[in-house]
Amino acid sequence: MSYASQMLDTYDTSPIDARVLAAAIDAMNDCTQACIADTDADLGDESVAMMVACIRLCLDCADVCTATARVTSRPTAYHPSVTQPLLNACVAICALCGDECEEHADTHPHCEVCARACRRCEQACRDLLAATQEGQS
Amino acid sequence: MSYASQMLDTYDTSPIDARVLAAAIDAMNDCTQACIADTDADLGDESVAMMVACIRLCLDCADVCTATARVTSRPTAYHPSVTQPLLNACVAICALCGDECEEHADTHPHCEVCARACRRCEQACRDLLAATQEGQS
Amino acid sequence: MSYASQMLDTYDTSPIDARVLAAAIDAMNDCTQACIADTDADLGDESVAMMVACIRLCLDCADVCTATARVTSRPTAYHPSVTQPLLNACVAICALCGDECEEHADTHPHCEVCARACRRCEQACRDLLAATQEGQS
Amino acid sequence: MSYASQMLDTYDTSPIDARVLAAAIDAMNDCTQACIADTDADLGDESVAMMVACIRLCLDCADVCTATARVTSRPTAYHPSVTQPLLNACVAICALCGDECEEHADTHPHCEVCARACRRCEQACRDLLAATQEGQS
């Protein structure tokens, strides 16, 4: 059981579903980690010039996931005007970064891992967006 | 001349206006700093229970400004699908945090400084959004 | 298997033991998450004034763990002059934050979770320090 | 007058000299900004393979400066066991990153700007270390 889940278990997070929220936070933290490590691996690649687009997207993805994880990990005062565009930015960068990493997945195992982390994070952020929009209606 | 300006002077940042971009990055970095310091000052307040909403907003504001400054400081590969919602999130949290800090401005000088930093950042992010939307059309 | 482990499996991280490194990165990421969530929970406490020391330590702990996880997740160019003091700072803040959280563990379940995350991170950073010092000798 | 200075003016930061502290925070924030922007510029270089060491050091430098600026911007509860190794890590990475950037300064104007930011930050952190050690004795 992740620390995000353990912490949210001690909380009342309504109207947000704690499982959906914890899954999103875990996916964002994992995606941050994968993108930071993938940047390091890409920089060590013999043909680093081919990996520049991937490095740039991983840098952006790690930063957006970090901020979104931090903000959504403070659910007590939830501001949809902030969280919704932030989650939309996270969905967008995870989609772009996942697409780019997937292009290199056959030849670069680290990009294959990173692509999976991005796909999962994109979906988890979409799920959280859907859950919070339901929560408001 | 700020380091953001000095760095952008060595670059081709078209179609984004380098002055508008540097002003936004500077405002986001200053707002991050003001919010982090304001959190510390609020926590030292005798009536900290009155400052909880302010602390929460400052924590969110610092994190969103940090990520937005990092992403916009890498303008070479500019992805509007990421940057525009991120800037919208930044505008939204700066507006909320600026409003809250303004409520305490008369009695808490640190909140007065922070309110100014939030207002300036909100406007600078709106200017950058406008400039990048023109750049695309 | 964590994303840190999956990524490090695609790497040559010698002379650092990849399992010790992955365990430290995982512990730092978990500690960051626990401290950010604990801050939010503390701020929601009825007697928030009693939790100020805990909030301050959690804020510092999250920031130091974040930076240390990022730097150690780029092991290809490893600089002991940077990584060793950084890990020492991480050990020190995890010890302080773990002690403070433990004081509230009986009455605040979120502090009990956070204390465990800090203790585990403190030990994992000590293990990584020991492993890298062996690696150099 | 920087926001760090404006905020610290509203505080009692003794036994730390507020001017020395504000100068260090400003230098760390500027160095973070220079390193993030320099990474983007290096990635755009035709001979990016020559810039890999520079990119790695800039990534580490930005992360260590960010954490050190955040922790020292919360001076109310000052823990030398954390702040001193953190500042030592900051001095070490600024020295390494400044040396590397200086090697490219003649041909890469962005590295020249970044080298200056690193040198200034290294010195400002040394000054803060000296000031806090005096403050304790």
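Just so it is clear, A, B, C and D label the chains in written order, and each chain counts residues from 1 on its own.
Here is the rule we use: a residue touches a chain if its C-beta (ideal position, glycine included) is under 8 Å from a C-beta of that chain, and two chains touch if they have at least 3 such contacts.
For clarity, every value in this text was computed on a predicted model and none was experimentally measured.
Novice: Look at all chain centres (mean of CA atoms) and spot the one farthest from the centre of chain D.
Specialist: A
Novice: Looking at C-D and A-C, which one has the bigger number of contacting C-beta pairs?
Specialist: Result of the comparison of C-D and A-C: A-C.
Novice: If you average the Cα atoms of chain A and of chain C to get two centres, how far apart are those centres in Å?
Specialist: 20
Novice: Among the residues of chain B, pick out those that touch two or more other chains and give their numbers.
Specialist: 39-40, 43-44, 56, 59, 66, 70, 74, 76
Novice: Using the touch rule from the top, collect the residues of chain D that touch chain A in their complex.
Specialist: Interface residues on chain D, with respect to chain A: 39-40, 43-44, 48-49, 52, 55-56, 59.
Novice: Under the definition above, what is the set of chain C residues touching chain A in their complex?
Specialist: Its residues touching chain A are 2-4, 6-11, 25, 29-34, 36-41, 43-44, 66, 69-70, 73-76, 109-110, 113-114, 117.
Novice: Chain D touches which residues of chain C in the complex?
Specialist: 53, 56-57, 59-60, 63-64, 66-68, 70-71, 74, 76-77, 79, 81-83, 85-86, 88-89, 92-93, 96
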